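Each structure below is given as structure tokens.
Note that chain A is present in both complexes that follow, paired respectively with chain B and with chain C.
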Partner chain A sequence: MGEVSLSSEQRVFMTGNETVAWAAIAAKADIMYGYPITPQNEIMHYWTRLMPKYGKKFLQTEDEISAGFTLAGGVISGAKAFTATAGPGNVLMQESASMAEMMRLPAVYIIQQRGGPSTATVIYSQQETTITTFGGNGEGHRIVFSTSTHQELFDYTIKAFNSAWAYRFPTFVLGDGYQAKMREPLTIYDPEQRGINLVKPEPILGIRPNGSKFTHLRNTYNTEEELYKVVMANQAEWEEMAKKVVEWDSRDCEQADVIILTHGVVSRAALGACQQLREQGHKVGYFRPITLRPFPGEQLKAAIKQAKKILIAESSYGQLVKLVENALYGSTVEIVPMLRPGLGITTEEIVDEYNKL
Partner chain B sequence: MSKTIKIALAGEGGQGVQSIAEILAEAANEGGKQALYIPNFGVEQRGGVSIAYVQISDSQIGAPKFQEADILIPLSGRAVVRTKMHAGKDTIYIYDNSLIAEGEVGDSIVGMQYFDVTPPCPTAGEPSEKYSPETTVDKPNEDLQQDLIAGEPKTCSFTRPGPGIDPAEIPQVKKVIAIPANDIAKNELHPRVFNVIILGAVIAATEVLPLEAIEAALDVKLADKFKNNPQLREMNFKALERGYNLIKSAM
Partner chain C sequence: MQELKENMVFQPAMPKSWNEETKPHKFCPGCGHGIILKMLGEAIDELGIQEKMIFGCDIGCSLLAWDFFKVDSVQTHHGRTTPVVTGMKRAHPELICVAYMGDGGGYAIGSQHLFNAAVRNERVTIILCNNCNYGMTGGQMAPTTLPGMKTETTPYGRDVELTGYPTKGSEMVAAVAPEGAYVARGTVANPRQLKGFIKKALQNQIDGNGISFVECLSGCPTNWRTNAKQTWEFIEKEMTAYFKLGELRVPQAKEV
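Up next is the complex of A and B:
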């Protein structure tokens, strides 16, 4: 592989962590705030390596609480900023994410899930689904993209900055240790050369470039009614945003008896299983929420109209099932869970599970 | 090639399975194939079995890990046990039948940093004009900074003489090939190119890439080292070819 650059579209072969660093450069991010934790460390390493050439900044803080709040401060000042973490670090960052929900801050978080609870493994899981979608002491006013390939890690990291700055909700890219550490090909590019508009950041506190002033950002309210009004206004804006941001991938669901439903890297195994099973003549469909928050509930309802069963495979104990059940309340379709907390799921295992139905 | 070739390499930490997996995947990618490489990794600083998963295909690759490997290459007794779940009826199984066992980690290193205990490694010497392979095998660390190795003897032998892998431990598979890669490296070439012999063997067993593709990948990967030490290049290519021919003659 020759020298990597964004000056033209380039096929590269790299780890997911390196991919994220390149995507942040491509999205014209200004600064990363971070605290090391496996398996996301190399995002920081690659970002700091690229930093001098692209004129970027990096601040290593004393812990993840600080990384989260310096990130909040960064975006308030008008910098396109992000952080990356995993596991227990994700737990600590929820405090800042919650403030970002309240103050409507466009903070971008990259999460490379590791095993849990607590320190657990440094390897892999999907056990940060619940905390990443609803981790704060609030209503989950955030956007969560769950990626499954390096190409998506690149595309959705760019999209995360755009969504955050367009709608002013904290935005998460939910990856995992496998995506972080594996190497596979992808095409990197300059989004503007592809005609993708990059939303420009602006100072949120103080004087804006157009001269208007905004000097009071609140996360404290004196009365119940006052807070109620603000949260309901945020809820309404979140719902309005949700319609535009929600994404999913649905394949062969119309005539399917069974739908295999997964998110993130497990979708790769699900896709392989669906292909194999369809070649054998089984009526199998594939559904994958790409945004976990907002969750594509209506789209899922439409996809399962003919289905008798949904097989849900996840590397956690029912965190995806919970999102699906909530979306499908009232439906009589049978949900068959395949729950492997902290464990990778292969194509063969999903096929085996299907054959047991 | 219509299907995806699944390769699992497993060895003791330090045997170099991750680096050859990476070279293999990169060469496949350069050759226009789809390739995916994922290491397994844990919190251990030293010792233990390290597994590398590589998949090569003409079409999009699915899940990063898999159950049954097409080619399974465990390089130590412990690796044979750890990779049992990846052996299936269609698996080609390549193992090292040299008379070696896993290296031992002494209690004296508990609490020490990785860099304090890892160098100097018994196989760390590089062949050069100044130090012939023979010299570096006998006096393995002559080409290293001597202040690095002064003081306490450090613990970092990845292997030591031992009974070798017990053939009875090997699971039922399509084909088993034993190669004395460790012995060949030590006696004919240089301990450091052990993993390159294995890489040659993988290329011969998978038949998805020409040997030249790997030579080109090595030239890119080790460009600086090869430039400083042309003998090293020759040695690596010889090791690659040796590994390749071992498998070709066995199949």
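Up next is the complex of A and C:
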């Protein structure tokens, strides 16, 4: 294989972390702020290696609080900026994410989930579903893409920058340690060559294209009514945005008795299980929310119309179930949870679980 | 500088960079924040940087300055103003980035940011108001509370055996910042000198030398529960006995 580049579409074989670094280059990100934590380290490693060639910047901060807030400063000054973290780092990043929600900052966070709670493992889990969708002391005014393949890591990292700058909500790409560390083939490309428009960043403060007027940004308000107005305006804009951003994958759900519902890398096992079971003649459907915020609740409701049961498989203890139950409130469909906090889930295990139904 | 108003009242001239729509400002009567920000305003005017800068303020009484200047401004979280302006400066080095914070913001919750920004010699200007307590939250002990001083969380006086000695912030920054740093401590009791320090701190950033840090000794009469005379006495005698005034680090003159 020759030198990797974005000058034309190229088939590559790389880790998820390397994929994210390339995607950030492809999305024309300017600067990364970061603090080391496994399993995201190689995003920084590849980014810093690619930096000179592509004229990019990097700042290694003193902790994830600082990485999150330097990121906020970077986007305020008009840079397309991002950070990457996991686990305890994700916990620390939520402070800046909540400021980004309040001040509508297009900050991009790449999360490669590891085990939790606490330091737990550096390997894998889906236990950052709740914190990534609703972390912070706010209403979850953010966008969260949950990827399942390296191709998606590439595609959705580019999309994350575009969504963040188009709608001005903090945006997360939710991967995990398996996606971060394993190698697989994907196609990398220059999005503009494919006709994908890259939303241009612009200074929120500082270099003002329109000149004269000064902007004062704040996140503190004096009265309940003042705050209420701000939060409700953000809520309304978030809902408007949600319709355009929401994504899901639904297969064979129309006639299915049982729907297997997963997100992220577990969806690969679910897809395999659905295929096997359908080949054996079972009426099984597959549903996967790609955006966890906004959650495709209406789409899920439509998909389960005929279903009697939903089998939810996740590498956490009910964090996905919670999102689903919230979306399906009032529905009588039976939810069968398959909860494996911090464990990988295979096709065979899902098939076994199905056979127990 | 005084200006004669039509109603025959002498009124000090407002710095051009002040936002007159938000004046009178919201600090308590006798508060030192207003004096520091006046000196900053005059320094901004004299250097002509109003259009080229971003002013960041912390949580603490400094947040009341969020719309204080006719300058692009951002009010951040408690302790996080240093990384916010650092992030801006790294992405856009042509901006002049100023962080304004209290002693709690700079020396307690944001101390890791201040320390590491100094170690990295970030090309930003940090102005810190030392008022020996947490003003905004109602007068608790701050890292700078003097030994024996009464606050809401040290009602019998600060016991250094239990809580340590007051943080000497300028000394800390001066000790860890590389060549090119500018570090000083001024006081609202000597505004002319304070303005000189702030101006040099801004100029040092403009020259791209290194980090610039000015601690300003200031008064909080509301929480100190002092009258005007006691307030000034505390600032001029008690505080300066512990916190030494002057320039601690000045970049070496560049060779011509």
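Everything below uses one rule, namely that the second predicted complex is superposed on the first by the 351 of 357 C-alpha atoms of A that agree within 3 Å, B and C clash if a C-alpha of one lies under 4 Å from a C-alpha of the other, contacts with A are read in each partner's own complex, and residues count from 1 in each chain.
Simple rule for what comes next: a residue touches a chain if its C-beta (ideal position, glycine included) is under 8 Å from a C-beta of that chain, and two chains touch if they have at least 3 such contacts.
Fair warning: this is a prediction, and the values are worked out from it, not measured in the lab.
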item: Overlay on chain A: chain C relative to chain B, clash or fit; value: fit
item: Superposition-derived comparison: chain B or chain C, residues of chain A touched; value: C
item: Partner chain in contact with A:Gly272 - chain B first, chain C second, else both or neither; value: first
item: First, second, both or neither for A:Ile207, with chain B first and chain C second; value: second
item: Touching partner for A:Glu348 - first (chain B), second (chain C), both, neither; value: first
item: Touching partner for A:Tyr178 - first (chain B), second (chain C), both, neither; value: first
item: Which of chain B and chain C A:Arg194 touches, first, second, both or neither; value: neither
item: Superposition-derived angle with apex at the Cα centre of chain A and sides reaching chain B and chain C, degrees in steps of 10; value: 110
item: Which of chain B and chain C A:Lys53 touches, first, second, both or neither; value: neither
item: Minimum C-alpha spacing, chains overlaid - chain B and chain C, in Å; value: 25
item: Parts of chain A lying in touch with chain B, wherever the complex brings them together; value: 1, 13, 39, 121-123, 178, 181-185, 265-266, 268-269, 271-272, 344-349
item: Touching residues on chain C, where the partner in the complex is chain A; value: 19, 54, 56, 59, 63, 66-67, 69-77, 80, 83-92, 94-95, 97, 112-113, 115-116
item: Of all residues in chain B, those that touch chain A in their complex; value: 22, 25-26, 29-30, 34-43, 61-68, 220
item: For the chain A and chain C complex, residues of the former touching the latter; value: 30-31, 33, 57, 59, 61-63, 65-66, 68-74, 76-79, 81, 95-96, 99, 103, 203, 205-208, 214-220
